[in-house]
Amino acid sequence: MHNTADRGSRRAEAGERFSPDPDRFGPRPSSRKRRRTAILAAGALLAGTALAGCGGGSGPPVLTWYINPDNGTQQKLAQTCTEQANGRYRIQTALLPRDSTAQREQLVRRLAAGDQGVDLMSLDVPYLAEFANAGFVRRFSADERARLTKGMLTGPLDAAQWKGALYAVPFNTNTQLLWYHKSVARKAGLDVGPTTDVTWDQVIKAAEKTGTTVQVQASRYEGYSVLINSLVASAGGRILKNPQAGKEVTPSIDSKAGRAAANVLRTLARSKAASPDISNSDEGTTQAGFLEKSGGFMTNWPFVYTAETGILDGLKQERQAAKSAATRADLDQKIKDQEARIADFGWARWPAVVKGRPSAPPLGGIDLAIGAFTRYPAASVEAVACLTSPASQKTYMLGEGLLPTVESVYADPKIRKAFPMSDLLRRSVDEAAPRPVTPYYPDITAAIQRTWHPPGALTSRTPAETAQLIVAVLHDRELI
Amino acid sequence: MTTMERTVPSTVKPRVTDRARHERRLGWYLCAPAFFVMLAVTAYPMLQAVWLSLQSYRITDPQSRRFVWFDNYTMVLSDALWWRDVGVTVLITVITVVVELIIGFAFAMVMHRILFGRGFVRTAILVPYGIITVVSAFAWRFAFAPDSGFVNSWFGLDNYDFFANFWSSLMAISLSEIWKTTPFMSLLLLAGLAQVPEELQEAAKVDGATWWQRLWKVTVPNMKAAIMVALLFRTLDAYRIFDSVFVMTNGAQGTETVSFLAYRQMITRTAVGLGSAVSVLLFLTVVLIAFVFIKLFRTDLSQVRGDR
Amino acid sequence: MAAISLKNIVKRYGDGYPAVNDVSLDIADGEFMILVGPSGCGKSTLLRMIVGLEDITSGDLSIGGRRVNELAPRERKLAMVFQNYALYPHLTVYENIAFPLRLAKQPDETVREKVEKVAELLELKEHLHRKPSQLSGGQRQRVAMGRAIVREAEAFLFDEPLSNLDAKLRGQMRTEISRLQRRLGTTTVYVTHDQTEAMTLGDRVAVLRKGVLQQCATPRELYEHPVNLFVAGFIGAPPMNLLPATVTNGKVELPFCTVPIPSGIDPAAAEGKLLVAGLRPGHFEDAAYVDAAKRNRGQTFEATVDVTEWLGNEQYAYVPYESPEEIRAQVDALATELDMEAMRPQLIISLDPASRIKEGRPAQFWVDTSRMHLFNPQTGNNLAGQREPDTQPA
């Protein structure tokens, strides 16, 4: 029985037998041509998509700067430096999460994968050692170092080095002060001020006497480690004996200093002066708690002051723009209240632990580092130079309330006007206690947080537990 | 590819015909692409994880990378944090699976019997399953937020922070999971329900059974296979819960689960060796659960009805 | 044990189609009533309405004198045996039979007693521990019956219980059922599409067609006095031959001979009309094998046989004939309704197995004309007087 397939093949056979064209053994010309065009089209499509993936060759290199969230001043600086670069490079910002630990995590994930798109990053100070040791950030040459860190404060600069080399340029620094309501201090009869050193005991007693709170950050997060580190340092101790030793580090938190620090926290947590949510308090809640009626004392970064002056500025602007007399009157009152509130703001050096021994205030800040896998190292170095210039630092302090790392800025009149406590800040930064500079910092801070939280459960044995835990975790003998 | 049973004694080497050989080769050619993809996507990461778990390796300290054989495993299995996380995971699994089974069964019955608005009811029941887990977790996180969430305002709880302690966090997480995956359970159970012959229900009706008696003496015993499949799948999934915990509490207040522990070790701490060990242990646990389930139910999954 | 009474039962579905159309039936206490008809005639629907698995659109259903239209199945105290047995696959035979008793929360002792008694009755004692999947078809059927019996219900309902069994088993089970019913004496309603079961099992048989009751009478009555074409064609295997017949001058003209009008039919009413004559295969015979005494009752004629079938105990001969279009259409329609093929018109003649009539050769046949029925082709009714459908028990 014949079917169409048979008929087709028979026709082909007939073709073979009678046609002299040898090509007849293969597909016919028309179908071959069609196939050829199809292949070319597919190839063109593929090539096109592949080429589209490649970045444009023209235009200035775009540097991606991973910034931590702030009030927009970093973004402004990026624009300014882009303009000043005159086409040599362009800076584009990418936002990191709000939380310091989360910021580190994002950067670690990218850099561990060798992401070439990370050119600049705003890195929280304690993580630099880890990144440097892991080869995630680019080392600055001796001569870049000389150029970029001229006139910078030694404290932050030391923390930006690892094994003798510079791996980041300090972008800003930060320290905490003791903030208090002048009215409360008067009522308590406490002699405190920008030049006086008070101890934690004194502060706690004053708060108890006046029925107010002492706000500290004691939630289970990095801020708590900052507090603990400063308490231990203020008592004359250190958390690690030899941080440079990496994995084989010896903790020294189990010492008189450590126990003294634990004691301070325990006393505070159990006293009437503790905030009710002390175990959950962070920078935001302490700020809010201080501004309440029950607020008396607070250790916090200077942003709390700029926040209040910022509100005042905002009210004044509204007053300018106000149309009706009623609104004007209302705003006038608000301005008066706010001014009174700011006038009541007092500041002093971070409380001491041992009477007579000046405290070691916390040291914060952000370093500007260059990703090790960047495609534009030269442009990045230039960008860093622009972003950390004294002018940029001044802009940043005025905009965000974070402290400059360049000495000369502290003398600027505009700065001194905006920050009446700038001398105290400068001194505090100089005598501040950095957190341990070690590549294993995340483990160490986690170990501290785990053993020291909640503050009410602290005992004199806690520092010993911390030391044991640190060693166990670093040697993979315990999970954290 | 199924293996054929040899009926010829092993001493005699069976002669493979040309046809059989061609068939086999064709079979391999057809399977090869899928096989290699599977190998690359599944086997390779698993083997790499096992390989890494035998080492002590931190990405941020590459110089101290070394082989420790099974030290990671012994350490994890004797660590209090691991057992606490296992406890939390088991707790979440049991709570969510039990609640989902009950609610899912009720939904399955509704979907099975409903006459009016059948399409609408079925879609409404299935919608949560179509939502991505992370999105659902965020939605529930905002719902439970102290000041802005609707839970506090509806129940007059004024600013109660659900994520401030263990049990309320657990409740919120479980609720999000249950809301999301009950439809899946109800779908599987509906399939089982639909395959119970209607005649058995009629016979039971005539025999004098009430609705409740029919449910427990006729329907459920005949759905054993479907119930087992539903339970097995859900338990395996619930044990590996991650998204809701990550989004809602980030592991705080002691709500960390085993997969979260693996994530934290591997990515947050960059302790890839330890994290891999935790992952491998998680995998083995899941396999164990599947094994226990199948043994426990003693049901041959391919046997659906008894009156063959 | 109770009598079941159906008065004007109607079942109408959503689209208005009446599956059961005004059926009235009285089933006496202890009677074995068969509902028979082709598929789609409403017999199963009627049965399900009796047991309560379907709602009754209108009409009255009474069991034991009590109106039960609104009652749930479990309250009607009826037992049903399903076509597919509906055994609980997850329970043993013992538990299957015990199931209704367990539902009623009867004590274990009573349950054991009753189940063993029933198992004895149905010869299931060796299988009590087995599961339904391990039983044969006949055994499963008996388990289903056992489950029905153990309840001591007021009536048994059977829904085509034997249609899933093979022919031989069917025959055996038929006698089992019959014996059982007689022994227990319970009212039984039995649905089947097989007219052999209907004829052999029932005290009375109700023939249904498209939801309408055609005739309800004893099997003998149905066989000998079918009230219309449908019943005539349905009852009896091989089916009744339906031939075209014209009545002229008081004589009935058939395709192969002319016969006198049978008694009981008004010649004037039938005169000049084209009718359908019904003659069963058994009413024919090889002319050579007819007793002289019988010969006068009928008529002999000659015809050519197309095909013969010899089956050992009986023999059939097929004689084709011509049929006018009208009658042919009628007969074909009837055949489709009866789930048969509409084939060429031919006479089926039952012969003595010893007869040597050959295919393709003309032969002498004799037909018992006194047994002939005449039907009105339009209405289908039997012209031999409208007897009242026998809804009362004999």
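Order of writing sets the chain letters: A, B and C. Residues in each chain are counted from 1.
We adopt the following convention: a contact is a pair of C-beta atoms (placed from the backbone, for glycine too) under 8 Å apart; a residue touches a chain by one contact, two chains touch by 3 or more.
As the structure is a prediction and not an experimental result, all values here were calculated from the model.
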## Note on the structure
Per contact tally, chains sharing the most pairs are B-C
### Query
Taking each chain's centre as the average of its Cα atoms, which chain lies closest to the overall Cα centroid?
B
### Summary
Per the C-alpha centroid definition, the whole-Å distance linking chain A and chain C comes out as 92
### Task
Could you grab the centroid distance between chain B and chain C? Build each centroid from C-alpha atoms only and quote it in angstrom.
57
#### Entry: Rounded Å distance between chain A and chain B, as computed from the means of their C-alpha atoms
38
### Summary
Contacts with two or more other chains occur in chain B at residues none
### Message
Please output the residue numbers of chain A that touch at least 2 other chains, ranges allowed.
### Response
none
### Message
Give the list of chain B residues in touch with chain C in this complex.
### Response
197, 199-200, 202-210, 213, 217-218, 221-222, 224, 305-308
### Query
Contact residues on chain B for chain A in the complex?
56, 59-62, 64, 68, 71-72, 75-76, 79, 81-82, 164, 252, 261, 265, 267-271, 273-274
### Message
Using the touch definition from the top, list the residues of chain C that touch chain B in their complex.
### Response
51-53, 72-74, 78-80, 82, 84-91, 99-100, 102-104, 131-133, 140, 147, 151
### Task
Could you please specify the touching residues of chain A with respect to chain B in the complex?
101, 105, 108-109, 112, 130-131, 133-136, 220, 246-247, 280, 439-440, 442-443, 476-480
